[in-house]
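Order of writing sets the chain letters: A, B and C. Residues in each chain are counted from 1.
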């Protein structure tokens, strides 16, 4: 009985992995021997290749990073709480093993979470996307989080305990960030989807790039480093210092734009400007003209 | 003004009595309207002075615009109201005289041109031809310095980029991309080393480097060795209008052009599957050298970017 | 004051004639230029002042605002693509390598007093200018004001609209920010798509391959000198023809093909129109004060490999962008050559057809209706169902193309898949003229049979006949609507009348 169900779980896992193609490659290397490291050469890109690695007495990495971003592993003590929360909130889709295989056996429909790293789990829960309001939606929507920050970290701790991986939960330090470099990097790497004003827009097949107007700094780091959903991941292509600059730009200029010229018109650019110019500009003047002229 | 009353001869109107309704103001209560107009002018004056004051103290831009705009608006409203309500209401009429002249005038005009000109030119046909020819030739010859000097000829510039066999792929900061840099699902814009700061490098050579897998990846038959370690590279110039195709959806594995939403399937050689782009994005063949750096095998081998006549 | 002084003064006044210093100056002018008679005629010139004739004035006066604010901007703008490092008050740009054009655009916004206001006014005035031109053109079209003898002025007006759109695009390109740079890139690709000569043309315009260094200085001189000079000259011709041929008027009480009823140039029309100029400038300044337009500091400088999503051109280019989006990817390859139909058709051939329809319409209509007569009285649009329907069909097509330029914004706003929105717009664009034409035609037909329809302040009374049929008839004219009851009178002539000399002080002379 147990063997058959195990076999089934195994087969379904394989099927799930094949279907979740992009994740498969990443997850394939995850094993019990240690944390998955997805990049090797670039220093400071979300993994403990840099200096400042702190380990506990048994040699497990508990934090790493630098003056720009510090990554903290969730405390293993929270794992049991996390498991309870996971079973309660997440297991109906992701399965009791967090491997994407729910109890009813419909595999492949939901992502395998094993080996995704604490930052990924934390991002999805703390941005309110998980637990999902509509599990069948093409793309989970950002909502007020249903679970508290501590609960999210606890779940991350438990999932991480199944197969330890990176990146850990980041804390950016924006004090010395260069907002100007951030602006340039934003224009090159982010604006293509999120727009230069950070409003987001519709993408292919019903997906969309979300607005960046209301996102806390650490979640911006998490999104950049883990690439949630269809967002590409930025790993060795951006250093922690560059990520910090982008985060500074997003949390200041994008979220509080300097609309020195008046009302920002929703950041929609020429479309909104065209409507204002035609309706308010030409419209008001035509009304004035209606008064100036005769109606006969 | 009192001198005027004595010196100027008072006048009367022909056709209309001074109290003719056409000459009366349109307003039913001119005193009230006059007061309202005066208020408009006063408000306008105050706002225009305010504009000067705001400028003087270098106040915020909106205060400058509000005072100036409001001032002009109120002065304008007052002036229009003055014209509309306090000046003679009319309506007046004016005859429309036909623009056309009499038959004889027209004939004289036409005759002047046809006959005078005709006789002169007919008599000296050769001279007219020579003059016309000279001016015509000058017109043609002048096109060259006027137009041809504007820029170089395209020659083969549209057919190749700065990617050479062995070019290192570098990011915007000039840093070489190493095979360990990108996780699966990552994207970075790369340039041939040495060209990341040039206009041509930015506009023509720009290339998106995607890590689509962690094993060698083949996008199309015949491109078996082009995607080492899952790194594939496409021209970043949309084949529709040349916008940078910087939008990558990693789960759908689609490259999307932000300008007109052409979508290119990254897994099968960037064949467009939606939108107005007619051709796949050219793929750059890559290899990984002994030190692990991503390099180009050769140039694209076809023009990048939008279509043009000479492109086969 | 001694009597001697008074006498001297009187003598002077006598020498100056009855109209004082102004009269004296005018006499001096007339001695040299002979302006008195023509000037008098001009001051007496009658302008019909139907409100819809003000639409062209909006365009004219926003052009005045454009010239004034544009001159201000040229004093600070540097048309150069040379690279410099921005160090200014806007910190998110501090230290970035940008072009002189971009740096000077940001600096004239922030470092020059009233600079941002002037830039925003200039941009708003441009949006209003072209908008007013389009609305004015629609008025002229639907009322048949383009008919003989005014075909030439219609041609000039159409040319003015094209020049205004071109100059708007050129000006939009000058700040060299991310959004406008993308626009230039697209313009280059469109030039490239022209069969046979495209690549040569592109290289000549841009002085080499995109982006090159010449495009900003060239666009600048086109934008501030060559195109405005053309516009100014054609505006002059437009107004000269208007004065020469006299304005059209709607049919009405006392109005015929052979007269003009309205208000005289001086002082009534002068007061109203000058006031309107001030109002146009005022509204533009208020928009510039409260509504931010084109915040180039947020867009950042253009670099060819940077891109933002949801980038649209200014509204008047929107129909081209929409056409480029919805046109399918049909490219033509043969004999080793390519015709990029996916670009050439929507971006070159389509506007070519549309503008040429505008140019040939008067001749086309003349041929169709065989109406070669002079027309000074305007049509009610409902009385010309076919023309009105054709115009509405073209406007509907253009509006749909404009909406198609923001398929992504629509998809995002209504949470619809992009692909469906695009297909929806393709269908709507094709359907729109075919729906608009019969619907408009039918509405016009209905309006024509309503007695008194389209006239001012006449209420229709619907009565049920004994047979059960409903009939609409015009209600009586309002009693207090006196204005329209007056017959138009001749512009009064003032004549010197010695007998009135005795009226003395207190007599009110009528100042005209």
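One rule holds for everything that comes next: contacts are C-beta pairs under 8 Å (C-beta built on N, C-alpha and C of every residue); 3 or more make two chains touch, one makes a residue touch a chain.
Fair warning: this is a prediction, and the values are worked out from it, not measured in the lab.
J.: If I average the CA coordinates per chain, which chain comes out farthest from chain A?
T.: C
J.: Please list the single chain whose C-alpha centre lies closest to the global protein C-alpha centre.
T.: Chain nearest the centroid of all protein C-alpha atoms: B.
J.: How many angstrom lie between the CA centroids of chain B and chain C, rounded to a whole number?
T.: 17
J.: Just curious, how far off is chain B from chain A if you go by their C-alpha centres, in Å?
T.: So the centroids are 37 Å from each other.
J.: Based only on mean CA positions, could you tell me how far chain A sits from chain C in angstrom?
T.: 48
J.: Touching two or more other chains, which residues of chain B qualify?
T.: Within chain B, residues 61-62, 65, 80, 84, 172, 189, 244, 246-247, 258, 261, 274 contact more than one other chain.
J.: Can you list every residue of chain A that touches 2 or more other chains, as numbers and ranges?
T.: Correct list: 188, 191-193, 203-205, 260-262, 291-292.
J.: Hey, what residues on chain C touch two or more of the other chains?
T.: 116, 120, 272, 275-276, 279-280, 283-284, 287-290, 303, 305-311, 408, 418-419, 483 - these are the residues of chain C that touch more than one other chain.
J.: Using the touch definition up top, name the residues of chain B that touch chain A in the complex.
T.: These residues of chain B touch chain A: 61-62, 65, 80, 84, 171-172, 177-178, 180-189, 210, 212-215, 230, 244, 246-254, 256, 258, 261, 263, 274, 292.
J.: Chain B touches which residues of chain A in the complex?
T.: For chain A paired with chain B, touching residues are 22, 25-26, 28-29, 38-42, 188-189, 191-193, 203-205, 207, 227, 229-237, 260-262, 291-292.
J.: Over in the complex, which chain C residues touch chain A? Could you list them?
T.: Per the touch definition, chain C meets chain A at residues 49-55, 57-58, 90-96, 109-110, 116, 120, 123-124, 127-128, 131-132, 135, 178-179, 250, 252-253, 272, 275-276, 279-280, 283-284, 287-295, 297-300, 303, 305-316, 318, 405-406, 408-409, 411-412, 415-419, 421, 456-457, 483-484.
J.: Applying the document's contact rule, which stretches of chain B touch chain C when the two form their complex?
T.: So the residues of chain B in touch with chain C come to 2-16, 18, 20-23, 26, 55, 58, 61-66, 68-84, 87-96, 99, 147-148, 150-154, 157-158, 172, 189, 191, 199-200, 202-204, 206, 236, 240-244, 246-247, 258-262, 272, 274-279, 305-312.
J.: Over in the complex, which chain A residues touch chain C? Could you list them?
T.: 178-184, 187-188, 191-197, 199-206, 208-209, 249, 252-253, 257-265, 268-271, 273-278, 280-282, 284-286, 288-296
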